[in-house]
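Listed below are the structures to be examined.
Okay, so chain A shows up in both of these, paired with chain B first and chain C after.
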Partner chain A sequence: MTDIKYESKGSLLRPFKALAFLGREPVTEPMGPRPASENYRGFHLNDWEKCIGCGTCKKICDNQAIRMVSIPDLPADPVKGIRAERPAMDYGRCCWCGLCVDLCPTGSLSLSREYVHTCTEEQISSYFILPDPKGMHGQGYEKGWAKTADADLIDLERQPMHQLAPDERTDSFAEVVDGFDPQSALLEASRCIQCGMCHDACPSNMDAPQYIRAIWSDDLEAAIEHIYDTNPLAHVCGRVCTHRCESACSIGIRGKPLSIRWLKRYAMDQVGHDRVRDIVSKRKAPLPDSGKIAIIGAGPAGLTAAYDLALQGFQVTIYEGLPQGGGMTRYGIPEYRLPYNRLDDDIDIITSLGVVIHYDTWVGRDISMTQLEQDNDAVIVANGLHLGRSTRIPGSDHAQVYSAIDLLRKITLGEHFDIPQRAVVIGGGNVAMDIARSLLRLQQRTHGRTDVTVTTLEARDQMMAAADEIEEAEEEGVVIINSRGPRQCTVDKEVLTGLETVHCISVFDAEGRFHPQYDEDDLTLYGADMVVEAIGQAPDNDFLGELLTERLEWVRGRLKIDEEGRTSEPWLWAAGDAVEGPDVIHAIAGGHRVANSIQQHLASLRKASA
Partner chain B sequence: MRPENYKSVEHPPSHEYELNFGPNHPGIEGNYALKVKLEGDVVTEAKADGGYLHRGFEKLMETRLWMQNIALVPRICVPDPVPMEVVYSLGVEELGGLEVPARAQWLRVLHLELSRIAAHLFTFGGHAATTGMYSNMFWGVTDRDYVLDLFEQMSGGRVYHMYNVPGGVRRDLPDGFLARVSELLDYLERRLPQYDDLFFANAVFIDRARGTGTLTQEQALSWGVTGPNLRACGLSFDVRRDDPYLVYDQLEFDIPTETAGDALARTLVRRAELIQSIRILRQVIARLPGIDGPIRCPLPNPLAWNVPMGEAYPRVESSKGELCFYLVSTGGDRPHRVHVRGPSSMHAVQVLERLSIGTRIEDVAQTMFSLDACPPEVDR
Partner chain C sequence: MSDDTTPREGHSGYERLRGTKSIAEILETAMSFERSAQTFYEDLVDRVSKPMRALVKELAEEEAGHYAAFMALKADPAVQQQIGEQVQIPPSDHRFSDYIHLPALPDKPDDQSILQYALGREHAAMEQYQSLASEVPPGPLQDTFRFLAQEELEHKKELEKRYYEVVHSGGV
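Coming up: the complex of A and B.
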């Protein structure tokens, strides 16, 4: 290319060369939309099947062009983390930056190659649309800007959690999981997109987004505040909660959900116990004596109800039959998952609010229900599920056949029993894993070798136990055999020799009912000097006494309660595993529920008498 | 017929008057105005009158998350948006300690130089129009559109690309893209002699531009002139070479200069720069396929991203001159303060006001276009 010198005078004739262009085709685009490029950022498309209504698009939108619209016809499932909401776009505001697409946790949102929209003044509302898979005018334009691995702004990976190696942990009940260090906790907390699916899924409606954001801001005391809004058993739930929150986490759809449980644990572990007690003590309302409440059972439900009621100025007394509090979280959950000093801390916070706990006090033996009714304004039954169910197979009455729940209680209490050389556990739930891993530790400690087999009725993918429990159990050396139905405990000359099993073809029938089918020809014997049954628990309701048992209404062996936790007796409420089945966070939710109901009930009584 | 009581009034001589030059005027770039006082057709006083395009970007950016601001910054300068995106990203990267992968750096250079070509073509068109040569304006706008086609393929948007983000870029190139860039460069090289015939070597244009809006180097330096306008005064300074960012230190290119400092010199510098941009792009096309790897470093969740406390003042060479962002973070999830040091706010205010004095009214528009001042960036 030639240079043009500044000194050049130019030419008067050269410009006329451009006249040659008169003979050429003009550079004119044809009328009608010109096809847009592959990556074009046009009007939105939203795959309603994939969209979960989390509202993350709304949060990242620069111009507040996105509004979440509730659509009643859509299925909503808080447990799975699906809301009946879909994003609506205001094209008077949208700038087509596509950040909504890049940050969409499900990948449902994309931009199409469609870009033309005009309307008359009367149709101005047509700029406000609810994108669906068909596009703005239903003309099926192709996708333009869509999610790519390169541009994804969601962090799909969890911060790694350090835990003891299998060989380091099997000879003691030392806690397996180390917990986050500050840096990993901050990074993990920063993954949260604040959609609140966890909040909706949590039976106790814990506001996880709030405390996660506080952890991210390194304001751990604020996190404690948020945690204690809805959960007084924060150490317990920070370690052994069944974390419905994580199952509902939006990020879990394409990646690993946030470690919400470990984050809660991190906040609790970092802020010292004394400080937590100070923070919680400030919540206690300076109210006059509001009434007297008796609670039967110092498990999660009873403790939660006691916490709520104590904060509201009630005099709360808990009667606990066992020597320490915590209920199943102490006598069912092994210490390698939940160190008991952490549980003691949780209970200490609650008793510091004025709650009195009478340990080793069995209602029905040491104090009668009639007495409790007379002395208190309300009574809460939160006795839990402390009886093990039996398979009732031949030989299951042998002395070396235990129920898992009895054995776990013995281990916590430090009661003596003969540590088996070879143990077989029946059951595929978390209790089965707990007892198998506990026995394995005791074997390692006593015999220096381990031999624990778990036989489950269910196939591997149907097992009730949490995936990490199964994984850790196997790492430690527990052998898990799936699809085996127990047939009999074989006894030779009054000595237990093992468990005979048959192949289980299917567990449930076509309607989903429990109805196992067996192949009787496929017999296998697992040799053992101890068999443990971990197939479920039942409540022990004998303490109620015959008269009261007679008066109360029951549903299939459980106390009948209404949605507020009231029994058929006006002074008696019930909560926890005994009425709702085993789950710590459900028990906590139940505790809140009855505490609420009692407050309202007593307030209305006071109002009526005033 | 005049009324009976009509009395003629003695008016002052009409050769002194005030004129609103813009904001709605074909000779002004965008929504911008000059209030000029004229004696005859010679300007005696000029006052820049901006604000018609004020959107408050600097303040708005304080209210938006670090990532959200990528949608805002390109709008500061409509004809040359890419340097805005890049300089903002460079600033956040500096504050946040982010390392931009090599491929992303090359992609940014590709994007930046395409933007420079598009911006210069636009300016040539505009400048020609102010001297009455509308054919060249149509050419410039049309050829710029071919660059916009490439932007659309690259980033999904023709004008506002929002392609650069802190940490890298948002998309890798579509298949066959570099070949299409190469075709466009071939086309532009064929077109340039035609532009020369019609415009750059046009005696009418040369005559009108020579001596119009002359700046001395000393004036240029004291008035904050940068970019092609400064290089047209004989000072060879270009941020790409003298304070290299991205991978400009690995590229070969010349810094064209002129000495006269007038409208013609400025235009000839831009013309030569366009040729240099083509040269840079040819090198990028040759090197880019050999540079693999990610196009962006891992980023924190944009909704929970606290950029560490500090301040940054990155600068890049935009088509209009030196562009800098002053970014302050107090460690929060959005900027504490953003200041845009754009070249056009110098060129369109203090420089244009002074250069207009003494020119004829018909040359005011040409002076502004020859300074390549961009009103949306003046106001921002």
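Coming up: the complex of A and C.
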């Protein structure tokens, strides 16, 4: 085809030049849209199966073109990091920059090759749409701009964490994990996309995005402020929290979740203890005496409730039977995971607010519940789960068969017991790992060699223990044997010789119910001069006394509480492991809950009597 | 597996079931088996502390429920045909209670002792009905035994779930 030169003009014959087109093939353009280039930034596509409703797209959108819309029929699970929301796009505002795609942690969002949309005046709201995989007009346009490795703004890899090598730690209770240095902490904090899924998942609703942002800004004192908004046991949770936040972290969908727990630890370790105490002390309101509260147990729930109530002007007294505070975090968790001087720091912050702790004081023996009821405006039971369960298999009553809970307490207290040459632990949870690794260290110190075997009913992928605990235990030399059920502790002439086990084919039935099945022909004996049972825990509620025990309401052997933690007695609340099961961050959440309930209850009483 | 406090439904009950001929008689034996357990738990209620009492009451109520179910089954005119339709061969069961041995129930038994006793009891009942099912010729009697064995297996599974919650999960 010959081009028509635009310079041509003026000739009388020019109109006849149109005759030149007569012989040409006509060109027809369709009225509808056609695909744009392969990398085009057209209307959004969203894969609802991948999308978790985190809202990162909304936060990154400078034009405020994205709004999160609640979808009632979608599943929501804060623990798993899923919200029943999906992004809706306002194409009156969108500039198709594609940042929403680049920062989408799941990769659910992309831009299509579709670009045409017209409407009448009445359909003007059709520019606000809820994208799905089929696109704006349901025509299934192909993806244009989508997440690629080059354009991905998400950092999928964690900053490495240095820890003691196995041979450096097996004869010592020194802390295994070193913690972040400032550079690593900053880089790790920079991975956070501030979606807040961690906040939703945390039982105590810790606002991790806030303190992570402060760490990223190198404002560690601001980070401490944010941490103490919801957690007065920050050193503890910076080390041994079960970190539900990390399980829900949206970065974890495609990569490694943020090391939120270690970031909290970093902030706490970097700011000096005295400075933390100063920061926290400013929170205490100059309130008149609000009342007297007694708390039974200086574990995480009791300490948290004490912290909250002390800040509100209450006189708080904790009665603790053991010589030091912390509950199971001290007497159940070994020092290589949680150095006790850090726990002491946490407790010191709380006592600096005026909380009094009477150690070595057993309620029921040294002071009665009746006395506590008479002397206080409210009483909180936070006694924990300090009794170990036994399998009660034959031979389990032998003197060399221990409860893991008892043995861990002995170790913390420094009480003497004969360190076994060979030990077998029954159980697959964190307590089993704790006692196995503790015994291994004591063996190395005492005998110069180690021999600890852990037998678990569960298969490897069903074990309750944290993955890093299992990994570290094996690095240190603990032998873990899965799918073995304890059958009997073997005894020869009154001497314990080992643990006989049977192969466990399956632990749960098709409906997920505990229904272990065994192969009776597959028996194995593990020789040992000590067997340790780490199968479960129970509360010791004898301190309540028979009369109060009868007056109280119970559910499945536990104190019955309402959603605020109130028992059936109007002066008595309960929180922590004994009523909610063993988990430090749940205990902290429970402590907050009962403190808030007591505060409101007493305020309403004062108002009524005024 | 048993002790002085265990009701004598084991071997003697087996012999009684072996001697029965009609489904009505079989159900009668099963009902007396469930009734004895209900009575046992009701007697136990006053021996345990209040935190345990709800559990024991629940067990007594469950046994009463089993008894009522058997009553309804017996009263159903189409019982033989219905049993034939409902019965499924229970999955193999490897004596779970061998690994959670029944202790002699003390004067003040705890929740674990009570659950272990109840588990052992359900297991004994399940094995009893399974054994009888394997010894009688195919037909309504065998179907009935299989049905009863399946019922006991289901009861046992529920107790195992409870046991897991109480013993292995810190009571939650």
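In this text, the second predicted complex is superposed on the first by the 578 of 610 C-alpha atoms of A that agree within 3 Å, B and C clash if a C-alpha of one lies under 4 Å from a C-alpha of the other, contacts with A are read in each partner's own complex, and residues count from 1 in each chain.
One rule holds for everything that comes next: a residue touches a chain if its C-beta (ideal position, glycine included) is under 8 Å from a C-beta of that chain, and two chains touch if they have at least 3 such contacts.
Note that the structure is a prediction, hence the values are computed from the model and not measured.
*Asks:* After the superposition on A, what does A:93 contact: first (chain B), second (chain C), both or neither?
*Replies:* neither
*Asks:* In the overlaid three-chain picture, which partner chain does A:194 touch, first (chain B) or second (chain C), both, or neither?
*Replies:* A:194 sits against chain B, while chain C stays out of touch.
*Asks:* Regarding the shared-chain residue A:153, is it in contact with chain B (first), chain C (second), both, or neither?
*Replies:* first
*Asks:* Looking at A:556, would you say it contacts chain B, chain C, both, or neither? Reply first, second, both or neither.
*Replies:* Only chain C; A:556 stays clear of chain B.
*Asks:* Can A:485 be said to touch chain B (first), chain C (second), both, or neither?
*Replies:* Touch partner of A:485: chain C, not chain B.
*Asks:* By the touch definition at the top of the document, which applies to A:410: first (chain B), second (chain C), both, or neither?
*Replies:* In the superposition, A:410 touches no partner, neither chain B nor chain C.
*Asks:* Which partner chains sit in contact with A:539 here, chain B, chain C, both or neither? Use first/second/both/neither.
*Replies:* Touch status of A:539: second partner only.
*Asks:* If we overlay the two complexes on their shared chain A, which of chain B and chain C does A:40 touch? Say first, second, both or neither.
*Replies:* A:40: touches chain B, not chain C.
*Asks:* Do chain B and chain C touch any of the same residues on chain A, and if so, which?
*Replies:* Shared contact residues on chain A (touching chain B in one complex, chain C in the other): none at all.
*Asks:* Which positions of chain A touch chain C when the two form their complex?
*Replies:* Answer in residue numbers: 385, 389-394, 485-487, 502, 505, 509, 513-520, 535-539, 541, 546, 549-550, 552, 554-558, 577-578, 580-582.
*Asks:* Quick one: in the complex, what on chain B touches chain A?
*Replies:* For chain B paired with chain A, touching residues are 64-65, 67-68, 70-72, 133, 135, 142, 149, 152-157, 160, 162, 170-172, 174, 189, 192-194, 196-207, 258-260, 264-265, 268, 271-272, 275, 294-296, 298-305.
*Asks:* For a test of understanding, state which residues of chain C touch chain A in their complex under the given definition.
*Replies:* Residues in contact with chain A: 49-55, 92-96, 98-101, 103, 111-112, 116, 157-158, 160-172.
*Asks:* Can you tell me which positions in chain A touch chain B when the two form their complex?
*Replies:* Contacts found on chain A: 1-4, 6, 8-12, 14-15, 17-18, 21, 27, 36-41, 56, 59-60, 62-63, 95-99, 102-103, 111, 144-145, 148, 150-151, 153-155, 189-194, 213, 216.
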